[in-house]
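A, B, C and D label the chains in the order they appear, each numbered from 1.
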């Protein structure tokens, strides 16, 4: 058995983990990737590489992840079910493992109607739960979906998405349970602005015992301006922003600083919630602010762990 | 033949309906929840039965009920909904404290022996909505009783005295003579609050702010539609008005008849009504049913005919028929028309995707253009424009190049016919329809307007001006207006040509 | 003559060819019962035929379209014999066999033999001369409801204004000759509120710049919840003044001044208007005493007709506003009910005699 | 039933441009019921073709006919003469009917008047919604009688994506999230445990993507 991922070791040794997102370029510009990876070096335990997020064409997440890892930053490569059937998905998982990628986040994927190519035909041969199950089967049972044996299995730490604010809560908790049963080892949640709501959800999660079976990383979008907050509130599904927060940003003299303060307050609050194993930062194409967030949140330096 | 009438409801309204039905020699089948006040061998009461659905037409409705013994089916000649209304306390009752009672509860207090007599009683009417004459009638008489029995100060606050029944007006005069003080308060000025064992009623009487310390406040109840009203309208296939009571807001359904022949609504279920109104409704309805049943004749001279070879049973006509006149045949793979229910509006024919429904005189030409110069084609609804034309013999006054066609309802106009009119050379088509909410066939004119909007869109795509088709609202009694509208549509064509 | 023979060969006499009489006639004729309508005017239709549709951009439910069906059905109906310009002279006999003498328009007399009689003589509008201080007949812009009806009936708004464009402010005075003990009319005329509010909306529809004020004591039911109605009207700029004006005078500039009490100021004020419409009340018909005498009828407390004995025993029925204030829809319902009672009675008799 | 939608008039007029004699052919089954291609729509289209021809000065004739089912040759045989006389048949059937004509009359130009949308039902007057995706391997037993393949925008088989809000689909808020419906229904019938099961990747070979191209009804098929 080969080594665990760095992220998995951080979590298993009980450290509070920090992951953050990197959006691949909408071009073949490798320097840009290296620059972004540079921001993260030493500040995060792993960097998530999004997979054609919002159904907009970008550099492939596996390729980007491989370049980021060359810069010394471990990655979580994201994989959606939208664009590939079971053949391509399994093939890419093998390829990613071959390139040394060790963490995989399995997603359904944003519907193509939200992107630049709404005319595209979607695939959804598998759903995200079936993808998780597939990866686990490939790794633990050394089998493809079709049952054929894999000689050298891919070693990946399997992640999934959780939706603390999606209603009805029970339905989404069932879904989360199914993801865990299928093989999800860690969860990264949708962005949290409503800490109290998130706390309630975590209470329900603890009630199900999920926090013991998996690691939950709370999703955080660093707040920049009141305007961006409002746009998010109005347009992004599953994001709930308390009106007080918007008011607070509106009345701030220095919006950038106020946004940072709120972000830090949210991080501080979610850290205190029982069962939260880390945070997942989604700076939405402002990767450069990640080090400051991590530093001011008291999460720097990152722990050095012995990888088994 | 002995006719049996289904009466839905077991309150006073239903009892009046049952008495009226029996009085004209018919039998009544009454369904409701709880006791029913009439014991008469011509009245059968079924406690706990609820209506599931009805089929059939006047003279032979099949009514299916849910009962404790399972489903029951009964044949009835006609149906009367007399479910009454709910009396709910007005919203101020919540804040008024324990000294407040509603009109409904006062009689019990008046009869109670050991009650500390109040010094000042305030009656309040119109707190939530402007109450009707039936509320005035109850309230004024209660105020008189309080004044007589308790001898205390009685104030009667209201926005309006609804004295259009002479008995109410009379009671109002007597009450004033007996010392009841009537005060009118202005809208939104009223407040009722408990205060140290009393209740403070404050308001503006158009001259100043006034406050009365009352020992008791009596407030009118508000009449609301019963909870079952909406589902019952669907089961009976009849209308509901914007306040949630039975019956359409439509001048063509002014009394107790509904859009479905043989189904009637009486009393408070069609809006606030006093007992006088209900007894009138009941007697009227029983007579109407009896007369119709004695000599059952179709309503319309021409009714819809279904070509059973073309019918694809898509149910579109069933969904559109405003009179419950179509049903799926038990014997044939086709829709069938109830001949006694059909009112000949032709709406079904206009929406049938298979062109399987025909009305013999649909689109009857009133005046054919003979000069060869086709300019304006006017479709006239029989219930409005056609009547206006007849009233002043208008046809002779119209300019050359105008062709008139009569429709039983504007809802019976088919888009393809209008396309053919334009093809035939008409430069403009004018549809003269009834005002919204004034369609004899409930939604026929609204159905037509939607279809015309879609047609205008299609024609616009082909580069044909939207105003090639013009829809205007007219009313039968306004002949001059109709003539004016035809002329203006006609003259506008000339202008465009000149431009 | 009806073919039933024997008992019910005789038809029904209807005294008064207004909306009530004609509605009853229409209903009876549909059941093939012969009807005679006697009307003292030159034409049938009474007052309702002079009213116009009040629709704005929507139907205001004035029910005028319902009356139109009736006029159409009654004219040229082979079961209905219309005598206009005619007077009833005398009535003798009993239920089932009344002989009524009628003087026709040409002066000749005709006796008809009927089973039933419906008295539907309608009402007369309150005589505004009794309220000379409102200036009706004196100032040209003081009108009554019927005057405005006439203007409206002939409207062609695009070409001919039915209200003079100089009119900017208009007042409706409610309860003129109604709910007035001194004037021997303690009763509410029932129709004027709904009527005036509809008319106001119609005027507002065509002339949105005219400011409309109602002087009222109580607004009676108008169909539906009045609060909704009221809010909409106030939203459209209508004003409601709780006051019964004492006088209308001509101002120096030729306008009108309505003198009324301003409750809030506790004083009498003079307010200027360009036009005043008086909602005159409903009074018993002018020939009510004569008709009561001919058909042996009584009066109610307000001087309207009242039957003596049970209708089904005397065979003499009353319908519509002869009985008291009623709106058009109620008059029609009442007339239909009377007609239906007669039809039922008629059939019962026919069955009893073995004809049916 | 198969639900269709008339193509835009301009597209149809453009399509028939090369032809002089057009037969507008309605279909008396599914497209009639889905209000897209019955006799009424065919007559309407005929009228528009004639009007357009008159307007643009072209010499075009349009005739109208409706057969019970365009997807069966026996019904098409009845109108052989009409088809013979036409340069082109504008079919108001679903895609099946259009191809049936093309096969039965190989020399004739057949044009589609209708866009075939889905298998569905009327949910209110004049409004239709998809219900079945014809996957050939029905899973409704475990999905509360509500099909996620047809009714979830992503055809997810195990549960909702994170995009639904207030029980509505992220792709179109006018459409219910199928998983929200499934959840409510399973809960109502006390079978929420069905939802908790893991559903394996679906075998699509029964109906889609290379699957059942042909079906034999055993006992009937010769």
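Heads up, the rule we're going with is that a residue touches a chain if its C-beta (ideal position, glycine included) is under 8 Å from a C-beta of that chain, and two chains touch if they have at least 3 such contacts.
Quick caveat, the model's predicted, so the values are computed rather than measured.
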| item | value |
| --- | --- |
| Intersection of the contact lists for chain B and chain C | none |
| Inter-chain pair with the most contacting C-beta pairs | B-C |
| Farthest chain relative to chain C (centres taken as mean CA coordinates) | A |
| Chain centre separation in whole Å, for chain D relative to chain A (CA means) | 40 |
| Whole-Å gap between the CA centroids of chain A and chain B | 59 |
| Overlap residues in chain B, where contacts from two or more other chains coincide | none |
| Multi-chain contact residues (two or more partners), chain D | none |
| Category of the chain touch graph - line, ring, star, complete, other | line |
| Pairs of chains in contact (touch as defined earlier), listed by label | A-D, B-C, B-D |
| Interface residues, chain B side, partner chain D - complex | 310, 312-314, 316, 319-320, 352-356, 414-416, 419-420, 422-423, 458, 461-464 |
| Contacting residues of chain D [partner chain B, same complex] | 8-10, 13, 28-29, 32-33, 35, 38-41, 43-44, 46-48, 50-52, 54-55, 66, 125 |
| Contact footprint of chain C on chain B as seen in their complex | 24, 129-130, 132-133, 160-164, 166, 169-170, 173, 184, 187, 205-207, 241-243, 249-252, 254-255, 271, 280, 283-284, 287-288, 290-291, 294-295, 383-384, 387, 390-391, 434-438, 473, 475-478, 480-481, 483-484, 488 |
| Contact footprint of chain A on chain D as seen in their complex | 153-167, 170-171, 179-180, 183, 192, 195-196, 198-201, 204 |
| Interface residues, chain A side, partner chain D - complex | 81-82, 86, 108-111, 113-114, 122, 124-130, 133-134, 145, 161, 163, 166-168, 170-172, 174-175, 177-178, 181-182, 190, 237-238 |
